[in-house]
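Given below, in the form of structure tokens, are the structures.
What follows is a pair of complexes built around subunit A, which joins subunit B in one and subunit C in the other.
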Partner chain A sequence: MRAFLVRHWYAYAMVLPVVIVVGVLVLFPLAQGIYFTLTNINEANIANPVLDRPASYEFVGLQNYLHVLSGSESYGAFWSTLVRTLIWTFGCVFFHYVVGLGLALLINRPVRMRGLYRVLLILPWAVPPFISVFAWRYLFNSQYGILNQGLATLGLPTPVWLGQSDLALFSVMVINIWLGVPFMMVTLLGGLQSIPHELYEAAEMDGASPWQRFRNVTLPGLRSVSSTVILLGVIWTFNLFHVIYLTAGQNPHTRILVTYAFERFFSGATRDYAVASTYGVLILSLLLVFVMFYRRAMRRQGEVW
Partner chain B sequence: MITANAAAVSATRGGAALAKLALRRGERSLLASIGLHGALISASFVSVFPIFWVLVTSFKPDTKAISPQPKLLDESNIDNYLNVLSGAKGDFLGWFGNSVLIAGLTTALAVFVAASTGYALSRFRFPGRRSLLLGFLAIQMFPFAVLIVPLYNLLLGLGLQGRALGLVLVYCSTTVPFCTYMLKGYFDTVPTDIDEAGRMDGLSPFGVFWRLVLPLAKPGLAVTAFYAFVTAWGEVAFASAFLSAADESKTLAVGLQVFIQQNRTEWGHLSAASILVALPAVAVFYLVQRFLVGGLSAGAVKG
Partner chain C sequence: MAEVAYVNASRVFPGNPPVRAVDNLELAVADGEFLVLVGPSGSGKSTALRMLAGLEDVDEGTISIGGRDVTNVPPKGRDIAMVFQSYALYPHMTVAENMGFALKLRGVPRTRIKEKVGEAARMLDLEKFLDRKPKALSGGQRQRVAMGRAIVREPSVFLMDEPLSNLDAKLRVETRANIAALQQRLGTTTIYVTHDQVEAMTMGHRVAVLKDGVLQQCASPRELYERPANAFVAGFIGSPAMNLKTVPLTGEGAQLDGVVVPLPREVLDAVAAERLTEITFGVRPESLRLVGADEGDAVGRAFELTVELVEELGADAYVYGSARVGDRPERFIVRVDGRTPPAFGQRVRVAVRDLDEVHVFHPETGERLSG
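Showing the complex of A and B:
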């Protein structure tokens, strides 16, 4: 024991600050949050020292989970919200990746004004996201947004992009795809540049067609970067709140799991903290399951991480 | 929208077609060049236009911003900027100050706390190291919804609910693990020979970290700090929920929403405020983006 401490105490002393912070701000709240899902906690019965009021919420067992998982409309229509969340997540990540890879391939070739293109193409990443969201809301406005004015000039229909229809989901996805492409482009560009040039030359010697070179050199060369950014992308997008909230507010047609959790936490007279926490725990469980399967799939392909 | 898709499609198609030509002959035909530049120009247009349009709008009076015949210049002047800066349309400078204060404190605290841990994780092989690393990764997965109620409860208990300092604590819950992970990636790129040389010269492990490695990792620290700053700067959910509704305690991400609430669509003013927020952000971003990418992939790829 003594030898163990002598050997490792430096390491533990250096790790300690973060462990304390994470313990107090993440682990303890996580445990408490899970407990809250088993209670009926809300704004009226949470402990509030300012009002000199002790906590008076009660243990209610699995009632919150039963309510939420029943898919009832008054508890956020869990299952249809989940489907919408999946469409949102995989739709966004798919286009982030495909468009990002396409642009990375283009910009990776020797082309005049490459630096300028690069600067212009990462602009959506450089601008604070809440600003970009406002910009897009303005473009998408059904009456005076420039998009609809352009469509009207061409004699095309001018839909209400952000109204009470599934078109709103489409619109917020467009905004988020625009926001997320530069990150993918830049990371994939880094990946492309790390593929040894000899591999391409060798493939060319062997008479591989450009498509074969892309399939058999580029894609495998990008595999480790791709698996990381896709995993990150799925997690981030699944949990992404601000784009939908700032664009569409509480529009039920753009409701995903996290935005509904926030609605329950913050909006209106409900302020139902128990249901908000229940949604939080369900989201986390879904992500954990996803990551488990993802890792297993990656491992099967010979990826070690 | 349609342009966005079209550009995306043409971009990917163009890429495949061009790869063919260029790799075979080492140089492109004229047609291929046109295709390549065409694809890049349309993609750049899609990427720049929304922001460009905000810039154009920021000079128009609110009434012209919603005109049915949009023009580039329409009674354009700098009144919007003057109104925003003078506080006539909400406490813009106050929001700006709050954002800087909250994001700045979060950054300083997170980087300070995370640096030594990142170093220990990079250099020492101690029991529990692997689970710590996995834990930090797992925290990146946490939806804010799972922590928002307990953190609210905690802030109420500490009397920090509605205060800037409370929000800083909340942000640390996500930035500290993230910074630790990123900094570990940077320390991995500093050669261990330096540590060994330092130990030979009689420095303690702390001394090595503080005097030798930390100065070498300055670019990494800067980029990590920038990333933490940006995250806190643009956060919306906690800022909306945990700051009091009073105008003077808002951050920019919350305050700017005021311009476009019901009955108040002041797009001209919102645009001017947006440009004022975006300009410094964009400037700093372009200064550090080269390092940002290296750091992200280093932290993300090496386990």
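Showing the complex of A and C:
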């Protein structure tokens, strides 16, 4: 052991800075967050150096978890929020993928002005999200928005898109799908271009129709790219805060787990850090479980990463 | 089983200027024949093959398979199987699935597919690998899977585009023989593209030589070797390449460093008719021999060579040397017995073994003048 240290101290010294940075920036806050979930910490009992007030929060065991998991409305209606989060996440990722793949397929073919289309389709991604979100809010405005004006001239009903109804969830999903498609498109386009051309020719010789070629060459060829972007997409969307918050604010009909954690942390009568942390830990656990199952499913299909 | 015919078929790639990758190809392949397309890189071999497969448009002329005009028929309707240079195996399917894919698409019942795949696997010695993915196979095994995929379909024509170019030299020789034997056994019309003239000569019933998209000659390997239709074919077929030199003419023959190689009467007549003062004179390295010092009577028929390089290959040795032709030095290659090669710098005397083995071509058009 001594000899080992003497021989390899240099390697440890080289790794040390990274260990310290990761410890300070990730592990310490994580541990602290987990600890907060076991207390009743909030704005009123946290240590406040300005008021020269010492911390007075107490250890309460699993009480926060019990409150949250009871699904009570005053703790954010956890279960119905979870369902909404899942609808939001999988709805968005599904359409990101399908629309992104569709566009990637169109744009991958030799069409005229292909370069121009590529640039145009990447544009939503290049615009700062809060600008596009405000543009969309304007489009969705119930009185002045282009959407409702268009519907009105056609004599169709003009709903309040971002009001207190499930239509608001639909609207934020539309916005987020629009924002997320370019990323999928670009990634899948890269995947499509890495599929050897001869495979299509071989399939054609084997008598495959265009649909069969898509099923048997394109989709399998995209599998490793798809599995990665879908996983990333799910994690990102599950935790995507700004689109919902900037579009709909604190609308309970668009509430997902992260936006509720944010509400609890930064607003409300008392800023309840304990409940917010509890949400944070639950979100992390859900994502970990998801990643585990996802990886297992992928590995069964022979994908290694 | 079917015969194949290219009738004045051309493929013109757009561009500036347009590329005539295959130019007025006129070629008929008999039922059950093994035809090899050979030519230097960029000569249009792959394009010609892909036109037949339906992967490339036919811009002019027509192509027919089994008497049916397929010029505008998509690949699917041509009843053709192709082995690609890169094999193009479906990476996510097992060997068995790869081989059975075409049958599955055709709706053949599963038990029947299994039977056929098993049969082909036995033929190609692939039974052990049926459940593996292509990734887990060696290059030679992948090549056999690609063959198997073609065989299973029982097509009327096999197309192969340089199927052996990814194999090492030894395996290539082995597989070459296997493919030829398999084709013999199945009796399926086969068109095989290669740039390797040894493959062309050993495998094909007939060999078609292409250059810049134009068919130069299509004949049996023997004929191609003995009576090349022009200087290009003469130089392309045979290894090492034929000695092709532009030499001045005299009344009776070709003038080489102090000797006159006599030429047959009809060649001299043809030359005279064209009023030529020079010809392209061709003689293969194996048609030349060293003249021993004791062969006094060979004076006057042998010319002198200064040895510049000797390549020893065991049984044979190739002697590279220069001789004077007209007023400039020209390099000649002579194939000699490997046991007694001359040394570097030595001056040797060389004679043509048999005057029938001399080839004469037109100095400008390259057309064959000798009979």
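For this structure, a couple of remarks:
Definition applied: the second predicted complex is superposed on the first by the 287 of 305 C-alpha atoms of A that agree within 3 Å, B and C clash if a C-alpha of one lies under 4 Å from a C-alpha of the other, contacts with A are read in each partner's own complex, and residues count from 1 in each chain.
Rule of thumb we're sticking to: contacts are C-beta pairs under 8 Å (C-beta built on N, C-alpha and C of every residue); 3 or more make two chains touch, one makes a residue touch a chain.
In this text the structure is predicted, and so the values were computed from the model without any measurement.
Superposition model on subunit A: subunit B and subunit C are shown accommodated side by side without a clash.
More residues of subunit A lie in touch with B than with the remaining chain of the pair subunit B and subunit C. Residue contacts after overlaying the shared chain place A:L105 against subunit B, while subunit C stays out of touching range. Once chain A of one complex is fitted onto chain A of the other, the partner contacts of A:L69 are absent, as it touches neither subunit B nor subunit C.
Judged by the touch definition given at the top, the superposed model places A:P196 against subunit C, while subunit B stays out of reach. When the two complexes are overlaid on their common chain A, residue A:I230 makes contact with neither subunit B nor subunit C. Applying the stated contact rule after C-alpha superposition, one finds that A:P220 touches subunit C and leaves subunit B untouched. Contact with both subunit B and subunit C is seen for A:E204 once the two complexes are overlaid on the shared chain. Superposition on the common chain A brings subunit B within a closest Cα-Cα distance of 6 Å of subunit C. In the superposition on chain A, subunit A positions 204 are in contact with subunit B in one complex as well as with subunit C in the other.
The part of subunit B that touches subunit A in the complex is made up of residues 1, 4, 8, 11-12, 14-16, 18-20, 22-24, 36-37, 39-40, 43-44, 46-48, 50-51, 53-54, 57, 65-70, 113-114, 116-117, 119-121, 124, 126-127, 129, 132, 135-136, 138-154, 156-157, 159, 161, 169-170, 172-173, 176-177, 180, 204-206, 209, 230, 233-237, 240-241, 252-253, 256-257, 260, 267, 270-271, 274, 277-278, 281-282, 285-286, 289, 293-294, 296-297, 300-301, 303. On the subunit C side of its complex with subunit A, the touching residues are 53-55, 74-76, 80-82, 84, 86, 88-92, 101-102, 105-106, 133, 149, 153. Chain contact summary for the complex, subunit A toward subunit C: residues 196, 198-199, 201-208, 212, 216-217, 220-221, 223, 302.
Those residues of subunit A that touch subunit B in the shared complex are 8, 10-12, 14-15, 17-19, 21-22, 25-26, 28-30, 32-33, 36, 41, 46-50, 95, 98-99, 101-103, 105-107, 109, 111-112, 117, 119-132, 134-139, 141, 143-144, 146-147, 149, 161, 171, 174, 177-178, 181-182, 186-187, 190-191, 200, 204, 209-211, 213-214, 224-225, 228-229, 232, 235, 238-239, 241-242, 245-246, 257-258, 261-262, 265-266, 273, 276-277, 279-281, 283-284, 287-288, 291, 305.
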